[in-house]
């Protein structure tokens, strides 16, 4: 029997409604490169969902590509981007940001989250440094929502970061590869329009939230850098059949599907969390979103062998493992029950 | 009524068999980043179809991205790539090659095709130049098959180019974004295994030949550059749900589907060609593949207004238009007949 | 006996007055990175000589570096620079511009000179192209004064180019590696202040005009890009002991030394030209500056063997050689006479 | 009266013997780009001084440029360079390494020095990481000798680092911008040939050790990367009048001048150290080279106001200042006595 996988939130294909739309529209002829009716419709729906009637919306294919393209488009050559030392762009993107010539300026984070005070202290010291012209100018702040550790920023935390950015005149970029899972967390006190209003650019992750691929980049106030389309192409991030991306986001933003399926991941993650705690398995981080990090012993894990898949995040000095179990739009009750039956 | 479009070969979605496979496999859980059973199976089939049992096969998303990634992975920093002045990488990729730090060294081409003698002359002069260390070292030859003008290289032409490359110790890269349409042309005297044996890297285009997206990069003799996977990721060209690409190529290389649907495009293009000629409309280039370039007058084009879409390639001094009509796997007899009824 | 060299204009050390100043000031302690009294004084003198009281002036070390730094600082990532196909940045800088991510967009030139109409035609066609967003945006025009062929632009030619740049909103950059030799040509109808007023950035070449090294970059209207200093450092073009550069330009712009020594080169080149013509040796190009291009036969060159050095530019189909003889600030009457005695 | 400066080791011009040689050789005509007799002679002397008869030696202009060029020439696109978090390339080079597309992988250091165990631990964890193909491959180790804090590696420390590099198959690069000052420290148990034998590339700093400018890059075993000359040019680091660099290094490596003048800096630094300690002023770091870091109070510094210049490195929580006083080849006894008279 095939094992059940909790290794990530991109194990399955796409939400069935997306596949159905693909089938229904397949032979309709459409223009390429995002100039098709599906993209136009998806943009309109995203503008509405974000309460940003003037937003510039672009559809890119994947996360690393989107991060690299946005950052490169908004920074000048001599600028770098501030990120958590544990941030995705700092660690797991094979140097895609540096490939564009930009330094990732890493700052210490707490459970994956940058604090406003950390950023401000860095900027204050930087701008007071007599040698600053010999250093990389911090030209942007990058955070992810949720973070690598599944944690989310509260409204006041995000407002504080935005205020620091404003004081120093640099844009704030929110990587929303898992945005839906953040917004649907019961711990979240932010809405999608609020996210949009508190940053200069963000993206709505599709790949991890029900799409085959795709990330919707939003410049909330029509503030896309000049010639962003060309920059996207230059980065190899422009899909010829843009309809594939437009159709998916159009579907996800019809009747609140994006939020509905995100909610499923959160409900299942909450069940996972309770399951682990009920078995006396502690959590490494109290994640309120779809990634859970139980600390498991060899003995805990033995019954899962060949039956349930997960990721090992880290080995603790005492030999226990920090593991990651991710739920998604596709996680079923049966999968949770199966895991419960084994633990 | 919606107009019928001959503007390009990526107007529709995907071949129905691909959509069916997507439906059938949607909820199967699979690993990401190309480590899934669909990719493994597609690689095996491509190795078989190319008669390259040791080939390294990677699946990337789109053409510009694939060109930039391959070129950057195979060149050193001080090297550039030789291409036809009309080549896609030289003109229509927004500087994606230069973004990776490499010069595109353009040479004059004939109907889109580089000649071996042109390349050899350039290399001879270059290596005899006393100032050559102050110049960009030509480190690769890039050609496309078919070219931007729909033309294809004959076996002897390709052998001659390969021989020049070998003499100068530089790799030959074939951009096969429309490879199927080239191979299925009655004018083609090359097979897929021969293409593979006559170059150092090439790719099998999916986007323009029946897939939603995807290009299959083949290093025929297991000669992928070290850490090519990481380079792909660094270029933002690694798809998280690699299954989407694997599944499509697996389908296209099952029961010869790739060739079968390519043949449809060629048959329809041949009908187009005959249609134009029968109406006294001359062809700018005698293209043997799926792109046709009729020279049309204002009067010729008037009846198509709002009914049939095409591209204007160029305006001639006498006011006539070089237009492009592209067929594809999806072009139907009815579409050709509709056009015929209007002309 | 050592042969006499006419191979280039950087065969000797520096003008003796520069060496004397180096000796006189050697043990004075000064700040680094261009913040020393020599640089301050040189900047003031250059502002005066260019009639640009608000000019931003920076001192860089060499030509390729200066071209790459200026171009990268003024272009956005998606932009390229227009240059003559024979331009230095297009041919002899080892891809330094592409290293910064920018395409060199080459246009045909006449005797090394770009014509305003050629640039305008290119820009017109580009901006009318429906596919222009898939292409590199032309973001700057680069010309050199004098050109690779020793030719110079007339005032009306330069005004016409500037007018095109203005119409399209892109800056004009003049590479003045041999600026003095251009300005002192009897054929030149432009002054240094006029050069400054007709472009957006240019540099005054020191390396080829009497200095050990050094190029003075001038943004005539205080229009240096933000953080240009940091960009210079990032490009590895910032000299720690900036005094070396400041002192040289301060000396060259004291009592018109720069112009005086440039005049010597022109006088000697004029003698060279008359010498060749008097011997029945034709000129490949009628260069009005310090580089002369006599077309010599094997027989013409035989007596120079081991006695006089020059460069071979090109071999003509009839076997004759286009040679280059360069004079400089350091060329002496005796050297010319020696050559005359041999021919 | 002009204040006496201890701010850095590049306050003065060049050692008088260098200026004299410049005068003596000024009108000798020589080839450009490092192909002159001065460079040839300097290379021979450096090969002898390093006991590396097969060494490839190149002369570049400045430190940042040299670091960026070496690193870019030895890394592939997907590789990064390991450096101390306080290393020059990580902090004070305006992102010159990232400009070339490479990540600086920073590791914690002790008084500016990387420990072999830190590097090995990092490499071990990296290569054991399942996600390593998604990360920047560590492809080189960069250290400086002496470090930013004036500290030096002992022979056993350097051997240990070299052994780690060897185990992981990556080159070791030693930034020797202040190499002379390290080698002449009484605390140093390494010789120049030993330095050469324990790394894969290093450079002998000229700018800070008596030259106007210039760094001599040494690939000890003839192991320069292919086409390094072209890479140097591409980075804008190739000096046209290479003689200026060759002549300086030729002079510095005649009769042991480089070592002799380095010794002066060390003697003066030792006097400085004793002076501070004798006044009860503690040292932040016990630096055995030419940079001293006394911790001074406002009261300590008051008498220096307008008379002696130094750098403030850092302000301690208790309000005292970590200052830097640098000596050099040019520091005189009189300058030390003047400082002593004020403290």
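Going in written order, the chains are labelled A, B, C and D, and every chain counts its residues from 1.
Just so it is clear, contacts are C-beta pairs under 8 Å (C-beta built on N, C-alpha and C of every residue); 3 or more make two chains touch, one makes a residue touch a chain.
All values reported here derive from a predicted model rather than from experimental measurement.
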Which chain lies the greatest distance away from chain A when centres are computed from Cα atoms alone? C
When the contacting C-beta pairs are counted for B-C and for C-D, which pair yields the higher total? C-D
Can you give the whole-Å distance between the Cα centres of chain C and chain D? 33
Centroid spacing, where centroids are CA-atom means, of chain B and chain C in whole angstrom: 42
Which chain A residues touch at least two other chains? 77-78, 93-95, 99-101, 133-135, 230-231, 233-234
In the complex, chain D residues that touch chain A: 77-78, 80, 91-95, 98-99, 101-104, 131, 133-136
Per the contact definition, I'd like the list of chain A residues that touch chain B in the complex. 2, 4-5, 7-8, 10-14, 16, 19, 22-23, 25-32, 61-66, 68-69, 93-96, 99-100, 207-208, 212-213, 230-231, 233-241, 243-244, 330
In the complex, the residues of chain D that touch chain B are 72-73, 76-78, 100-101, 133-135, 137, 226-227, 229-231, 233-234
